[in-house]
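Which chain is which? They are A, B, C, D, E and F, in the order written, and residues in each are numbered from 1.
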Amino acid sequence: MAKTDIGPPDYKTMLPPVIARNYGKWRYHEIPQPGVLVHTADSGEKLYSVRAGSPRLVSTDHIREICAIAEKYCDGYLRFTSRHNIEFLLADKDKVAPLLAELESKGYPVGGTGHAISNVVHTQGWVHCHTPATDASGPVKALMDEIYDYFTTMKLPNHVRIALACCLNMCGAVHCSDIAILGIHRTVPKVDNTRVPNVCEIPSTVASCPTGAIRGDMKNKTVTVNDEKCMYCGNCYTVCPAMPLADPDNDGISIWVGGKVSNARSAPSFSKLAIPFLPNNPPRWPEVVDAVKNIIEVYASHARKHERVGEWIERVGWERFFSLTGIPFTDKHIDDFDMATESFHSSTLFKWS
Amino acid sequence: MPIIELAGKTYEVDEDGFLQELDKWSEEFAQAYASAEDIEGQLTEEHWKLINYLRNYYQQFGIAPMIRKICKDCGVDMKKLYELFPTGPAKGACKLAGLAKPTGCV
Amino acid sequence: MAKRETPLLDQLERGKWPSFVKDMKEAAEKNPMAEDLLGQLELSYKDKIGHWKHGGIVGVKGYGSGVIGRYSDRPDLFPNVQAFHTMRVNHPTGWFYKTDALRRLCDVWDKHGSGLTNMHGSTGDAILLGTTTDHIQPCFDDLTEAGYDLGGSGSALRTPSACVGPGRCEWACVDSLDICYDITMTYQDKMHRPMFPYKFKIKVSGCPNDCVASIARADFAVIGTWKGDIRIDQGEVEAYAASGLDIQKEVCDLCPTKCMEWDGKRLKIDNGDCTRCMHCINLMSKALRQGGERGATILIGGKAPILQGALLSWVIVPFMKLEPPYEELKDLILRIQDWWDEYGKSRERLGELIKRLGMRVFLRAVGLPAVPQMVKAPRTNPYVFFWPEDIKKEVK
Amino acid sequence: MAKRETPLLDQLERGKWPSFVKDMKEAAEKNPMAEDLLGQLELSYKDKIGHWKHGGIVGVKGYGSGVIGRYSDRPDLFPNVQAFHTMRVNHPTGWFYKTDALRRLCDVWDKHGSGLTNMHGSTGDAILLGTTTDHIQPCFDDLTEAGYDLGGSGSALRTPSACVGPGRCEWACVDSLDICYDITMTYQDKMHRPMFPYKFKIKVSGCPNDCVASIARADFAVIGTWKGDIRIDQGEVEAYAASGLDIQKEVCDLCPTKCMEWDGKRLKIDNGDCTRCMHCINLMSKALRQGGERGATILIGGKAPILQGALLSWVIVPFMKLEPPYEELKDLILRIQDWWDEYGKSRERLGELIKRLGMRVFLRAVGLPAVPQMVKAPRTNPYVFFWPEDIKKEVK
Amino acid sequence: MAKTDIGPPDYKTMLPPVIARNYGKWRYHEIPQPGVLVHTADSGEKLYSVRAGSPRLVSTDHIREICAIAEKYCDGYLRFTSRHNIEFLLADKDKVAPLLAELESKGYPVGGTGHAISNVVHTQGWVHCHTPATDASGPVKALMDEIYDYFTTMKLPNHVRIALACCLNMCGAVHCSDIAILGIHRTVPKVDNTRVPNVCEIPSTVASCPTGAIRGDMKNKTVTVNDEKCMYCGNCYTVCPAMPLADPDNDGISIWVGGKVSNARSAPSFSKLAIPFLPNNPPRWPEVVDAVKNIIEVYASHARKHERVGEWIERVGWERFFSLTGIPFTDKHIDDFDMATESFHSSTLFKWS
Amino acid sequence: MPIIELAGKTYEVDEDGFLQELDKWSEEFAQAYASAEDIEGQLTEEHWKLINYLRNYYQQFGIAPMIRKICKDCGVDMKKLYELFPTGPAKGACKLAGLAKPTGCV
C-alpha cells in the first residue's frame, strides 16, 4: 500500500541557491524591462526572474520544454506565479539575454510585470467541468491574442487583472478583478422528476437556492421550481444532478469591472456588473473580446497614473464610466438581491453623465 | 447506465457504482458489494451499525449526515471510519448504504 | 497527427498568445484520451454546451478527497474519455520547482493519464487532467513514490497557498512560505479526509499587496503587516525624485490617509495615521522600508458568491506575531474550525456561519476580543443583543 | 399654583435652556389635565417607566386619522388624563404663522384640551397634546372654524412638509412651499382616510442641503437641484478671500469631486464633474449661484429602522422640472402609490416593498427608465434576472 | 356638521410682506451674529430673522407670549423651523436690537445658526407615548442646559445636529444625526397569554419581528418568543399590546454618532453606534449628558473646519474615534443584523489606534 | 376595563369600546352598538355585508384585511365606506364586527 499523507515536496528543496542564501533578506527590486524582475538582497546578490506567459492548460511535453529551458539557463530552477505564469529564476545576469532570445524564438510571451495585463486567471469550462455556461481556455486565448501587447509592455496606468470563470461558482478571482468575464446561464433548470427521488437530497436541494425558488414536493419525492424567483445561478444543479440548466441558445457571458484584491491605496473590492450578457460565439468570442478591449482602452486613455480600473471609476463616477465606454445601463445593473439598497444612490451627489 | 450483478440480482448503478433505484437496496446488496469498496470478507457489526445509521438518518431527514455527526452519533473517529470504509464515508459507506450519491463534498 | 477534424478549435491555434489547442494536439499525438478530449471539446464548440456528466465520486484508498470524478455524456463518440477524472496534486509551496521534480510529475502523468495538466489550478494545485477509474490508485502510488501527494477537495481543508514572500520579495513581513508549508504538513489529515461542513481555504500573503489574493479567496487569510515607523532613506527618495518620479503627485497625493508630506527635499510620514497600504513603499522600494515589528493580520470569511453573495475576508486579529512553530496561529485555526464544525450546516462556509450567528457569538466562542479594527464603522441599526450578565435581574 | 409635589421635575426648571416643566406648570395652573399630566410624569421619573396604555383608536366623523388615542394606566391617581388624546393639526406650509392665526389655535386648545402643545411634531404637525374623547369632535369643529384641519396619522399620507425655500432662501431651486401646499391640498382624501398598506411621507427641500431632512425621513423626497454651470462672480470671490476665507483649503480642498481650481485670483469649476453638493455655494453665497436650469431630484424609500433596518431615500428621477400644476410629479406619486397599494403587505413601507420585489419590477411598473444615477455602483452579485423577451425561445 | 378636508391655512396668507414681495428672489445671506440671519433680495430689500430656542413642549400661554413679541417687533409674523426653533421675521433693521434685548430679558436663547448646535429634534417619551424606553423632553433639557453655549455661539467646526428618540421607532432624525440619543429596551417582551387571543392579530405579530423570534401558537391562539433571538426592538408590542417590554431596571439610552442628512460635501449617512447603553437616571441623566458633551468636545478640538462629526470620524478612522473619546469598543458595536458583513473591515487598512 | 350594557347583555370592552372577549360577539351586539359609531337606525344589508366580510376574513386569516382589499372584495369605494361607517373602517367597522382593535394604523 502507498504511503499516505506525505504532503507536498518541501519547497526548500526547490529553491535556487541564490534564494536559499538570501532568503528573507531581499532589499529592493527593479523592473529593467517588461517581464524581467531584478531583486537585490542585503548581501548585494541579485536574482533575475524572467516571466513568461502560459496557456495554463499545458501538455507534459510543453512542461518538459520549459524544464529544458530552465536547465539550460537557470540550473533547473523555475517557479509558477499565482496567476499561472512561468518564472525562470537566474543568478547569472549574463544568461538573461540569451534566455530572452530563446523564449522569443520559441514563441513564449515575456511580460506581465508592472503596469501590464498579466495572465488571465481562469477555470475549466467545457474542458472538464459539468456546470459551465461557457468555455474558459477558448475565450482567454482569443482575448490574450488581441491584447497581447499589454502583456509585453507596461504602458497602462496600473496593472489590470483579468479573470474568467465559467459559471457562478466563480472558481477564480472573478469576484475581485479589474475586469472579469463570467459565464452565465439564463434559463431555469429543468427538473427531471423521475431522477430526483433517486439521486438528489430534497432538503439540500431546497436549501441550495439563494432566492428560495425551490420547494420540496414530499409526496412525489421531488422538487418544483418557481420560475419567477429563479435567476439561473445553477446552485441547485450543483447539489442535484437531475436539474440541468445548460442551454446553448441562452448561455453566455457577462462582464464585470472594478474589483481589486490588493490593499494598495484603496481597500479590496468586488467587481461590479458592466455588461449583463454577451452571446457565446466560439471559437473566438468576438463580442466578448471587443467588449473587454474597449473597457481596457477607455481605462488606458482616461485613468490617472497608478489608478486601478475601480479606482478610476470611483473617481470619475459610474455615470461617466457608462457614458465613456458607451455601454448601455439597464435595470439589470441595479442590485436586487440581498443587500440591494446598500448600492442605491442615497444622495443627490451624482453626475449628469 | 451500467447494470451490475450481485449475488444473483441485477442493479442499475451510475458510473461510480451508486444505486439508481434506492428502493432496490437490501442487506445482500451491501454485503455483496463490499469488496468493491476495499472491504474484505463479511461486513462486521461495526459496519452494519454505520450502514444502518446512515440509512435511518437518510430516511428521516432526506439527507446524508455530516461526517462529524456520524462520528459523534456512532462513537467512531475518523481513523476508525477509514479503517472500516477505506474508500471513505462518502464514497464507500454511502454507496453500500444505498444513499443517493453525495454532492456536498466535491 | 490527430485524426479528428477540429475546424473550430484550429482557429485557436492562430494568434500570438500560446495556444492550449496546440498543447492538446501535442498530447493527442500520443494519447487517445487527449485525442478524445479534443474531439469532445470541438463538439462543445459546435453545440455551445458542455459534454460532461454531473459529478463523480472516485478516490484513492484511505483518502476522501483529491480526485474529481468526471464522465462524458457522449461515451459513444468519445469512449476514451468515458471516465476522465482529474487528480489534484499539492504543489510545492510558492510553486517553486526543480526541473527533475517537475519531470517526475510529467512521467507519472504520461504513464497514467491524458498527458494534459493545468499548471496550476486556481486553488494552487498541479491539476492532472483526466484519467480512468482504474488508474487512480496506481497513479497515486506512483505520485507518492515521486514525492508528491494529493491536494484537497470536497468538504475538507483545501490546498493552502502562499505568495513568493521571503523567497524573493523584500516586502514579506512574515515567512509566507514556511507558514503555508507548516500548516499544510500539520493538517494533512484534514486535507485528505473531509470532515468539515464545507470547504476551508487558507492562503498566506507576506504583505498587504496580497499577491495570493487571500482576502478574496480564502476562508482564513494571513496577511503580513508591520508596526513601527516606515523607515525612510531620504537620499534614495531624492534619487527617485531625480529619476522622474513625481513624489507629490504620484506618492503623497495618492496616499489614502494623506499622511505624507514632501517639500521637495524631505519626505515626512505621520505614521500614526498610516494604514500600511503599501502604496508609497511599492513605488519607492529602495527608499522606504516597512516598520521593524513584523507580524500578520488575520482575516476570515472570504468566498465566492454562492450562496448569499461573495464575501471578502474581514479582520479578526489586527496583529499577530508569527514565528515557528506558529502555535498561536494554529491554535486559533483549530478553535475556529471546531466552532464551525460544531455549528455549521452542510455546505455552509465559515463566513456564512458567522453571518448567520453573529460576530459576537463567534468572538466569544473562539475567545477573541472585539476591537475597532474589526469594522469599517460600528453598526447603524439598533438591533443590539445584550449578554445575560449585562442585565439587571429583577429583585422584586 | 400646582398642587402636586414634583421634586424630580422641579430640578428641570433649573438651567438656562427654556424648561418644558415651566410650561407644564403654567398650563397646570389653569388646567386639571395638565396638572395630572405633570403628576403622572413625575411618577414616571420616579418609576423610570411610562404610564400610558397601549394605543387607542379615536377620531372625528368622516376621518380615519389625525387623532392619537391615549389612556393612562393609572387613572386612579390621575383621573384627568384617563383619556388624553392628541390632535395632529396640519401646520401652514413652511411653519409660517401670523399671530392671529396662532392665537386662534391657542384659544381652541384652551377650550378643549390640556393647553399643552408641541410646536411642532417631528413630522411637522402642530401637536395638541391631550384631550378627552368627548372633546375630539367639538375641538375639530372649532379647529376647522378657525381655519385649521387635521394632519395625517395611521396608514395614510402623512402631513407633507417643506423647507422655507423661496420664502427666504437664495438656494431654492424649486418652490418647495408651493409644491408642498399643492400636494397637501390635492391629497386631502389620502391624508384623512387611511387606505395604504402603511404610512407614506412626502417632504420637499429646495436644494441639496435638505433642510427638511427629506432623504432620511420621507418615503418620497423632492430635492431641488440644477443643471448648467455654477455662475461665478469673480469679484465677490476675491472679496471672500480678502475677508479671510481660505479658498484653497476651505473650498477647493473640500470639494468632493475636486473639480475646483483657485489660483489666488480666479476660481474655475469643471462643472461636468461637479455633483452639486452645495459646499462651495454654502460658503460663498454672494459669489456663487447655482446653474440656470432648475428642477428637482426625486428620491424614494426613506424610513426609520423598523422592520429591516433604516433606509435613506434613493434616486429614481435624477431631474424633473417642476412648475405648477406639477402634473408630472403628481402623476408619478399616483403611479407609485397605486403600485405600492397593490403589492404592499400590511405595515410595509414603500422602500421595503421595493427591496422585496426588486427595483427592476418597480421601475417597469411605474414606467421609469433605469439610469446610472440610480446607483452608487452596479451590482456585485451575479444574481441577475432576465426578462422573458431577453431569452431566445427554443425553436427545435 | 363640520367642514372636512379644508386643509391647512394657505401659507401665502402667513407671509410677511417683505417675503411676499421678494418671494423666490433672494440673492444671498449673512449671519452677522449668532441667531441672526440677514437675507438680501435681488431688489436689495433685506429680511432679518432672529432665531430663538424653544423647549418644543410649550403651553398656549407661552405661544401667546411669542405672539406678543412678534406683534411688537415683527408685525405679527413669525415661523418655526424644521428643528422647532422660533424665528421672528423682521423687515425693519432697527427693531432687531430691541427684539434681541427683550428675548434676552425673557430668557429666550438666541442662536442655533451656522456652526452651532441647534435645537434637539425629539419625541414624546413619558409625556405621551406608550413604547418609550426613556423620556424625551427631560434628557433634552438636561443636555441643552449643559451645552447651551454651543447654541448661542458659532465656534464649532460645523453645525452639530443632535436628536433624541425614546424608542427604536425613531420618531425623529435619530438615524441620521451627528449625535443621536436613543432609548432602548433590553429585556424580552412578556407575553400575556390571556390577552393575546382577544387583542392581537397573531400573523401580524409574528410578521412584526425583525429576527423571526416570534412563533404563532395556533392552538392557544397566542405566540411564544424565542428569548435567544429577541433583541428587544419592541416592534411586536407596537402591533400586540399584550407583549409589554418596558423594564425600569434595564431600559436606558444608547448614543450614536456620525450621521448626516445634507448632501454638502459627503453623502447623507446613518448614525453609528458609539455607546450601547447608559442608565436612565432622571431627572437629569448625568451619564448621558456627560457622554454627549465628551463627544462634542473631542470633535470640537480635533475636527477640521467645516467637517461634520461623521466626516471627521471617517477621515481619522473609527479606531481613532474610540481612542480619542475613551469610549470602550465592544462586540455590540459590530453589526450582526442583516447587512452585517458590509460593515466588517475587509482590508488591512486600519490604524492601530 | 369598562363594562357596557347593550340590549340587555353586558360586554367587557376597552377604553375605545373594542370588545375584549371576541367570542361574545353577536348580531345584536353590532346592531345595538351601531349608534355609538354614528350610524343611525338599523344596520342595512350593506353594513352587514361589510361586517360579515370582516368577520370571515379575520376568522380565516387572523388579521383584519387592508382597506384596499375591503373596497375591492366588497365593491365599495372609500366614500361609500365612510358613508356607511362615518368613524371609518378601523374604528367603526372593526369595532362593530368584533375584531381585535387594529394596531396597524396609528
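Heads up, the rule we're going with is that contacts are C-beta pairs under 8 Å (C-beta built on N, C-alpha and C of every residue); 3 or more make two chains touch, one makes a residue touch a chain.
What you see is a predicted model; the values in this text were computed from it and never measured.
**Q** Going chain by chain, each one touching the next, work out the least steps from chain B to chain E.
**A** 2
**Q** Which chains lie in contact with each of chain B and chain D?
**A** Touches both chain B and chain D: A, C.
**Q** Among the chains, which has its CA centre at the largest distance from chain D's?
**A** B
**Q** Computing the C-alpha centre of each chain, which chain sits at the greatest distance from chain A?
**A** Farthest from chain A by mean C-alpha position: F.
**Q** How many Å are there between the centre of chain A and the centre of chain E, using C-alpha atoms for each centre?
**A** 48
**Q** What is the distance, in whole Å, between the centres of chain E and chain F, each centre taken as the mean of its C-alpha atoms?
**A** Once rounded, the distance between the two centres reads 38 Å.
**Q** Which chain A residues sit where two or more other chains touch them?
**A** Within chain A, residues 168, 170, 175, 204, 210, 233, 238-239, 241, 249, 263, 268, 270, 337-339, 346-349 contact more than one other chain.
**Q** Which residue numbers or ranges of chain B touch two or more of the other chains?
**A** As it turns out, chain B has residues touching two or more other chains at 18, 63, 101, 103-104.
**Q** If a residue has to touch 2 or more other chains to count, which residues of chain D qualify?
**A** Residues 53, 55, 61-63, 68, 189, 208, 215, 223, 256, 276-277, 305, 309-310, 312, 346-347, 380-383 of chain D touch two or more partner chains.
**Q** Would you mind giving me the full set of chain pairs in touch?
**A** Going through each pair of chains, those in contact are A-B, A-C, A-D, A-E, B-C, C-D, C-E, D-E, D-F, E-F.
**Q** Chain A touches which residues of chain E in the complex?
**A** Interface residues on chain E, with respect to chain A: 263, 267-268, 339, 342, 346-349.
**Q** Name, in rising order, each residue of chain E that touches chain D in their complex.
**A** That would be residues 1-11, 13-15, 19, 23-24, 26-29, 37, 39, 47, 49, 53-64, 66-68, 70-71, 76-82, 84, 89, 107-109, 121-123, 125-132, 135, 137-138, 141-142, 144-146, 148, 151, 168-176, 204, 207-208, 210, 233, 235, 237-239, 241, 244, 246-249, 251, 261-266, 268-270, 280, 282-284, 305-306, 337-339 of chain E.
**Q** Using the touch rule from the top, collect the residues of chain F that touch chain D in their complex.
**A** By the definition above, chain F touches chain D via 15-16, 18, 38, 63, 66-68, 71, 78, 81-82, 86-91, 101-106.
**Q** Provide the residue numbers of chain C that touch chain E in the complex, in ascending order.
**A** 208, 210, 215, 223, 225, 227, 256, 272-277, 297, 299, 301, 311-315, 318-319, 351, 355, 358-361, 363-364, 370-386, 390-392, 394
**Q** Which residues of chain D touch chain F once you look at their complex with the stated criterion?
**A** Where chain D meets chain F, its residues are 53, 55-59, 61-65, 68-69, 71, 82-83, 153-156, 189, 193-198, 341-342, 346-347.
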